[in-house]
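Presented below are the structures under discussion, each in the form of structure tokens.
Both complexes below contain chain A, partnered by chain B and then by chain C.
== the complex of A and B ==
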């Protein structure tokens, strides 16, 4: 969920910008290292970023009829790792603000934190943890996408509760969680199923590529 | 057209004016609006920027309304939510349903948030609707934003439009073959589409790299800046 332009008070805008800046800077440093080693990967990164943007512009079919789109966090994080995904998400969010009026410039920091950092990071940990435990990568990717999506909304709820702690932080958080996170559960399951189908196709067509990116479970490689 | 905003950004009365000016004006206006958090100032900015967008940049009012509608819809919902479910303090209105009340606090939150967003949206719109993305990236480049970020951004921007055309073709092909006619079917179609796009994107990235290499790409995309007209 994009927090819209002007929704957060100035102090919180600055706080989220600072936090996101540190992590994105680390991601840029990592990308620089990757590009220095293999200059060809720049085009791959750019195209993957475009892929993430395109994903967010496709509508996910949902039962309730509410409009929602896949965020591709799980897929991105499982393929490229969280630091790189954070940088790509930063550019994607900037494009979304300027091309689609989703999100905004002042809330960019907060949006990067919830969608570009928390989501992919959770997805990556879940994915790596499950594949390490010898669980098939198809099941792992479902939980990665599901939890990555859900935790993004939980993070947004936290951010909003920090900004509007009325009457207390705790009660505001519960309300935001009920509104955002609980309604998001069916959508997160939808994204999980979608990601599993995509993952199946990828495993069938390009197993070598997934292996090269180190994205497959050890017993499948 | 899906990205009307990109077309508008390239075709309006202000798209050739100095991008630095537009970028800084937007950022300063946004920060001032947030910092002052004053209802009258928010309305003032909303009116002034709307006049700038409609009268000076000569952007079609329909496009501008379209730009405003989606965020506005969300805004109204969230502000109603803020007004009815938040805050403590003196009760100023009782709905009589489940003890839901409007308090001074929640009223304050809801109204201030609503007008803050109202003030900020046209400022964002000013930048988004009058400045092409490539120019914004060029500005950022001269402001010491890491080169690698700018390059990936620019390459990405070009690729997005190639993908959009492909998706359009693919979706039409799927729809003419009974795609998207039930929930599970649309899930499958969408997954087909996305995995296909992903595989295509890998091929594309290889082609892109080859075409860049064959034109002497050494990690920098030089941009032609036309000399100022006297």
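== the complex of A and C ==
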């Protein structure tokens, strides 16, 4: 999902940067509030960020014959919502843009938008919807992480199709969806499973804290 | 208040981990013998970059710093994963040592 450095026209760099900046700023405000109200959630913030660090460093092979990486953005989204996750994603993407030449500074806003905003937003909606319906949070987190990962790549495909609608928007979208989204399906399943395993342990160690953050299904609390 | 959180059996966790491993070994087996030279196992990000170049777009900015070799790149990727793993391992070990709340 990394749009490479310099690969987006300037107008689009600015548009995505502005949108992402607003949400990241709101996320920073939310983090301050959460840490003030529940200081012990600092450790969960660190774990959510660390999970993203690990998962987004793993370039995994897919059944399409190419490689891509998971995002790890479903965990933070389920715990803290999309804006906070956008802040965590910004840290990961900055690390990769500066040290690994993965993604870039000009495309940072666009990459934050896909991995830090669209993916986590979808994961958050899915997670809240399923847990509100009293589906076990362990099952809910699988679908949240699976769809959060997949929709991150769908978002990148849309971003590229908007910027390069040649010959038509539809054909460009199909081209980028084939490159990104199809490759991503098995990876998203893997990400779902890994997030379930982490979630299961979190529930075992910190049930009260998860409940306090409103991150459990009503029948689990 | 007693929480009604239900955790998975150890065997379920192991099965899930095994599914994950199989999922990522499968492509290696399916395309065994193929490599980067005949277009396998390349990165999706690079593939998208190539598709953009084909449309005639010239990248207008390049990374201010790039890992000078594949070795250094893998070093930094390993570092990234290690940072994440240390943090998760630290807190999970700490919480486990604390025992369950209540």
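To be clear about the criterion, the second predicted complex is superposed on the first by the 185 of 221 C-alpha atoms of A that agree within 3 Å, B and C clash if a C-alpha of one lies under 4 Å from a C-alpha of the other, contacts with A are read in each partner's own complex, and residues count from 1 in each chain.
To be clear about the criterion, contacts are C-beta pairs under 8 Å (C-beta built on N, C-alpha and C of every residue); 3 or more make two chains touch, one makes a residue touch a chain.
Note that the structure is predicted; figures quoted are calculated from it, not measured.
Judged by the touch definition given at the top, the superposed model places A:125 against neither chain B nor chain C.
By the touch criterion defined above, A:87 lies against chain B but remains apart from chain C after alignment on the C-alpha atoms of chain A. Contact with both chain B and chain C is seen for A:201 once the two complexes are overlaid on the shared chain.
In the overlay built on the shared chain, the residue A:101 is in contact with chain B and with chain C.
Residue contacts after overlaying the shared chain place A:28 against chain B, while chain C stays out of touching range. Contacts of A:43 after superposition: both chain B and chain C are touched. Across the superposed pair, chain B and chain C both touch chain A at residues 4-7, 9-10, 43, 46-47, 49-51, 53-55, 57-58, 60-61, 63, 95, 97-102, 104-106, 164, 166, 175, 179, 190, 193-194, 197-198, 201, 205-206, 209. Listed in rising order, the residues of chain A touching chain B in the complex are 4-7, 9-10, 13, 28, 31-32, 35, 39-40, 42-51, 53-55, 57-58, 60-61, 63, 70, 87-88, 90-92, 94-95, 97-102, 104-106, 164, 166-167, 172, 175, 179, 190, 193-194, 197-198, 201-202, 205-206, 209. Against chain A, in their complex, chain C makes its touches with residues 3-8, 13, 16-17, 19-20, 23-24, 26-28, 30-31, 34, 39-49, 51-52, 55, 57, 59-67, 73, 76-78, 80-81, 83-88, 91-92, 95-96, 98, 100-102.
Note for the complex: chain B touches chain A at residues 2-3, 5-6, 26-27, 30-31, 33-35, 37, 67, 70-71, 74-75, 78, 81-82, 85-88, 105-106, 109, 113, 116-121, 123-125, 127-128, 133, 136, 146, 148-149, 151-153, 155-157, 159-160, 163-164, 167, 180, 183, 186-188, 190-199, 201-202, 204-206, 208-209, 212, 219. Contacts from chain A toward chain C in the complex involve residues 1-7, 9-10, 43, 46-47, 49-63, 65-68, 95-102, 104-106, 136, 138, 153, 156, 160, 164, 166, 175-176, 179-180, 183-184, 186, 189-190, 193-194, 196-198, 200-201, 203-209, 211, 216, 219-221.
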